[in-house]
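Let me begin by handing over the structure; questions about it come next.
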Amino acid sequence: MLPELFFGYFAAVIILLSVIVITRRNPVHSVMWMLLLFFHIAGLYLFLNAEFIAAIQVIVYAGAILVLFLFVLLLLNLREELKVKRFVGAWPAGLFITTAILVIVLGAVKSFVPGPAGKYSIEFIKQETHTKALGKLLYTDYLFPFEIASLVLLVAIIGAIVLAKRKTRSK
Amino acid sequence: MSDILNILITEETLNMLMKIGIIFLKIAVVLGITLLHVAYATYWERKVIGHMQVRLGPIEVGWHGFLQPIADGVKLFFKEDIIPANADKPLFYLAPVIFMVSALTSLSVLPFFDGFVIADINIGLLFLFAMSSLGAYGIILSGWASNSKYSFLGGLRSASQVISYEIAMGLSLVGVMMMAGSLNLSDIVRAQHQYPTGMFAIPQFLGFFVFIVAAFAETNRLPFDLPEAESELVAGYFTEYSGFRFALFFLGEYTAMLIMSSIAALCFLGGWTIPKFITDAMPLLMNVPGIVWFLIKVYAFMFFYYWVRATLPRYRYDQLMAIGWKILIPLALFNIVLTGTLRTMGVL
Amino acid sequence: MVPLNWYLMLSAVVFMIGVFGFLTRRNIIIMFMSIELMLNAVNISLVAFSHYLQDMRGQILVIFIITVAAAEAAIGLAIIIALFRNKDTVHVDEMNEMKG
Amino acid sequence: MSNYLLIPFLPLAAFLINILFGRKYLKENSHWVSILAVAGSWIVTVATLFDVLAGRVINEDLYSWIVSGEFKVSVGFLIDQLTAVMLIVVTTCSTLIHIYSVGYMHGDKGYYRFFAYLSLFTFCMLMLVMANNFLQLYFGWEGVGLCSYFLIGYYFDKKSASDAGKKAFIVNRFGDFGFGLGIIMIFLTFGTIYYEPVFSQAKGFASQTINFLGYDVHLMTLIALLLFCGSIGKSAQMPLHVWLPDAMEGPTPVSALIHAATMVTAGVFLVARCSPIFSLSETALMIVALTGAITSLFAATIGLVQNDIKRIIAYSTISQLGYMFLAAGVGAYTAGMFHLYTHAFFKALLFLCAGSVMHAMSGELDLQKMGGLKKYMPVTYWTMLFASLSIAGVPGFAGFFSKDEILWLAYSGSSPVGKFVWVIGTVVAFLTAFYSFRLIFLTFHGKFRGTHEQEHHLHESPKAMTIPLVILCIGAVASGWVGIPHLLGGGAHFTEFLKPVLGHPEAHGTHAEEWMVMAISIIAGFSGIGLAALFYLVKTDIPVMLTQKFNAAYKILWNKYYVDELYSFIIVRPAIWTAKNILIGITDARIIEAVVNGVPKGIGEFSRILRKVQTGLLQHYAAIMALGVLIIVAMMLLR
């Protein structure tokens, strides 16, 4: 009973916050609602015994990505944003497409059959601690993708600097 | 009615309620003690700096001005709460709360002495990072929502400063994590107790150095108090705040200092333990409760904060960023590589 | 025990809200946030799968998704800044230079 | 022994270096690269010649070039006696002419380009003669043709030069078309295009016929004649000779190297190389002999009246090439090769001397404006005199031995047309002596007839030019001595050397007859010289009187039998008319233009409709993508 309630609360809040995030007129408010949304998602991760993921959800998403959004919003002057239309003219079409896909996907979820369970049972993770289990896997089987991810980040750093740097006028 | 109650109130739920009650009690105790400490931290700061500058500091209210913090609190509480007309009101209200809450929440994972911690979670250190990164929101929002030049510039400066030094701080603690093999703060303290030197500050002296500098910058303290450089920005991001909301920022800052001191004590100075070689030499010290050692270490670190404030001049903004990105982060990375290498070689 | 399907449905709903936001909002930053929303929706389902199938791979994937999301946000926001400098707008429907 | 590879590839390297770095870096030093390369080739060639003299023959593949089903070709090299002779001729002439060019081309703006092309030409020519299969031969064949085109049109800003280049290229197409067909026929017949298997199997096909357009054609005759088509084009025989006189528009060293000593003799080399095939067909040999004889006579008669110094030598070249074909046609391949070999020296020398004269005369070519140059340029005079003595067949000089051998073998050989071509050959010998000395007398003797300014400018050429002249002069005098016939107490070494490859025809004649033939040819030569001396030294009014008396004949000769006009009437003008009226007017304007303009117009219209889809709005694309997802998911669900 309690887990269901718990989940119900989180799910309801997450959905509500998602809607709020995409409908706010003021992007800064959107960001703040999104911050709250990320905390709830992190809570959901804790509920799913993924404490490390929950932590990086907060650190990376809330602590880095959203702050970046906020920074960009502050750098851009968006005063007139509060006076203009929020949605494109054809938003009902978007709503229709989205609802149609949603209905079909929700229909499809019913027929989902889970595959066989792996070795990472709740007890196993508890005993080993979640971070350690994840780290062992990440640095052995997934070492190569991990290295690629680091390269992606490097490219992103350099790319962001190059893109956002104000062009110095060449003589 | 009673049927429903019977269903709800079972052995299990009672147990759970008990646990929740204990947690609330712990929270109350920690909050009370911390806030008291924060209040007197301001008093001690004025006193220490006063004496360092050969003056007396607060002296009128109570014995040697001992009641000064209380008087200050009362004054702030009853001051008029001014809100700028063009401010974004919801965010203006929210900003100091976020700032304060993010500071206070960090307290929940700090073990004050063996076994006394509100939430003994496995990722305690990560939780601290997460919360400290949240503080940036309070700063940015207060700067933006005030709709004032000084606030806005102060907010931007502070946010970029906090974000930049967060990386250095996080990296400086990676060495500790590698030494202890855990992210749980209690485990880290226990690991230090097992370690021959008794505290990680000795093998991790590089990390400790980076951590100290980053901690000063994280809490916007001198010599890195650029966001609130009076001569340039009036009071920085909280220029427009007054009264109770100002008090929240003020408290938040000192809470953050206290937390930084605690982290330093826990991760580098051995927390509530003292090195084994000392207890071996003087077995009598075994009887001293851990909280005492812990508080001594925290106070020492706080004193260091005051000392630096009284001694060092303020850096320029570009120097600040240069120190963060070009010195501290490479140093921390080098420390990680060094620690890893030495660990695999079995030296550390 | 909460069934796995609930998580999947939650994930689908959040994802579709993100899609809707992406399709209909004019502000490019909100569109970006919609993308983050979609990524988070996927993360929810991945962590749920990971938990229910007792397999860590889902969470590994989440780590990579967060990495890519961070990279994407950095690059995307840099592009937005460059765009704003040139066009002085963040409204997507005012940017149709690529019109055929 | 494998250093023989250096022979062709040194010049290739020189070409690459010059063409890549010549313009910017080497500039006036370009010649060093080319000369060193070709001199290196010459040294290796001499070494190789000694190997061949010692009896070693190389025939090996370097690497696989084309493999397509049954058709396999390698880049391969065959170095036998025949190749060795050609190698010596090519590298020697090439080296000397490279050196000569340093002086001749001095200060030209395309200096590096000139040497690059010369090196490329040398490379192609060497690949041609060293090939061990027909395709590589063809590669070299076309390569030298290309270089010839480049170098004839070297002064491309002069219209006559670029026209001459085009003419050479186009006329050669006719011959090469036949040559290509011949190679295809060889592949169809033998299933391979390597020399060795082809020649060894050729006997087996001797009597085979092939049905062609309803006629039974003797297979070997067909192949031989198709190959001979190529020879006609490249060696400027009737009726494809028209390009060679015009080719004199190129720089004189080019005329000497390409259009006298080496490239044009490739046709003779081809006939000699394919002698096993030609020998199997009496008809083909007869045609070769008659073509050679008639061309020889024809060109010699034209040469009598021309006034352009280089053109006279050009016609002389055509005539002498005809002589070589005449020899090949009567089965005396060795004699043909011998003449090729001696001719290379004295003809190259003649051209270089002409170039030297031109150099002194500031580019003047007209004999009428020269005269009395002897005292100004003694080296040129003496060398050119020796060359002329050689070509006129004066005993003791190189040309005498080779010409005499040809005439003797024509007379005594078993060819049905042998006596006929002997008569023509003797007449040509007389004519050759006449026009050669007409050239000498008009140029070097008498009084100077040019402008005063030209006279003032007259001087001997620089050392870089005269030294090659002297060396070539030695060749023009002495090169024949390796082939002194048995009759005169010599060893006929040249013939003996080539016998393993080319064989040697039986001579059906007595010593008396041989003496007789030799005497007649000597008389013909001396009477030609004497007549020329009479006409142009003693009684200079006779030629004028003759031209007036036989005006019609003179006109025909002066206009080169109107061959160019005939071609212009039969081929050029109809072709231009067709191009103008049908190809441009109808095909191009109505059909191709319609298609070319219509297709893009249609695409443009279609795109105009299609691009409506490209709104440039991000969200439209996203919406369409989402719609696609919707459709795919729906399809998967409903499946």
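Which chain is which? They are A, B, C and D, in the order written, and residues in each are numbered from 1.
Going forward, contacts are C-beta pairs under 8 Å (C-beta built on N, C-alpha and C of every residue); 3 or more make two chains touch, one makes a residue touch a chain.
Everything numeric here is computed off the predicted structure, so don't read it as measured data.
Think of the whole protein's Cα atoms as having one middle point; the chain whose own Cα middle lies nearest to it is C. Centre-to-centre separation of subunit C and subunit D, using mean CA positions: 76 Å.
In this assembly, the C-alpha centroid of subunit A lies 6 Å from the C-alpha centroid of subunit C.
The geometric centre of subunit B is 33 Å away from that of subunit C, both derived from CA atoms.
As a whole-number value, the distance joining the C-alpha centres of subunit B and subunit D reads 97 Å. Among all residues of subunit A, those that touch two or more other chains are 52, 56, 64, 88, 90, 94, 97-98, 101, 105. Touching two or more other chains at once are residues 19, 23-24, 92-93 of subunit C. Within subunit D, residues 619, 623, 626 each touch two or more of the remaining chains. Taken as a graph of touching chains, this assembly has some other topology, since it is neither a line, a ring, a star nor fully connected.
Note for the complex: subunit D touches subunit C at residues 610-619, 622-623, 626.
Subunit C contributes residues 19, 22-24, 31, 92-93, 95-100 to its touches with subunit D in the complex. Against subunit B, the residues of subunit A that register as touching in their complex are 26, 28-29, 32, 35, 51-52, 55-56, 58-59, 62-64, 67, 70-71, 74, 129-131. Taken in their complex, subunit B has these residues touching subunit A: 88, 90-91, 94, 121-123, 126-127, 129-130, 133-134, 136-137, 140-141, 144, 152, 155-156, 159-160, 163, 166, 182-183. Interface residues of subunit A, counted against subunit D in their complex, comprise 88, 90, 93-94, 97-98, 100-101, 104-105, 107-108.
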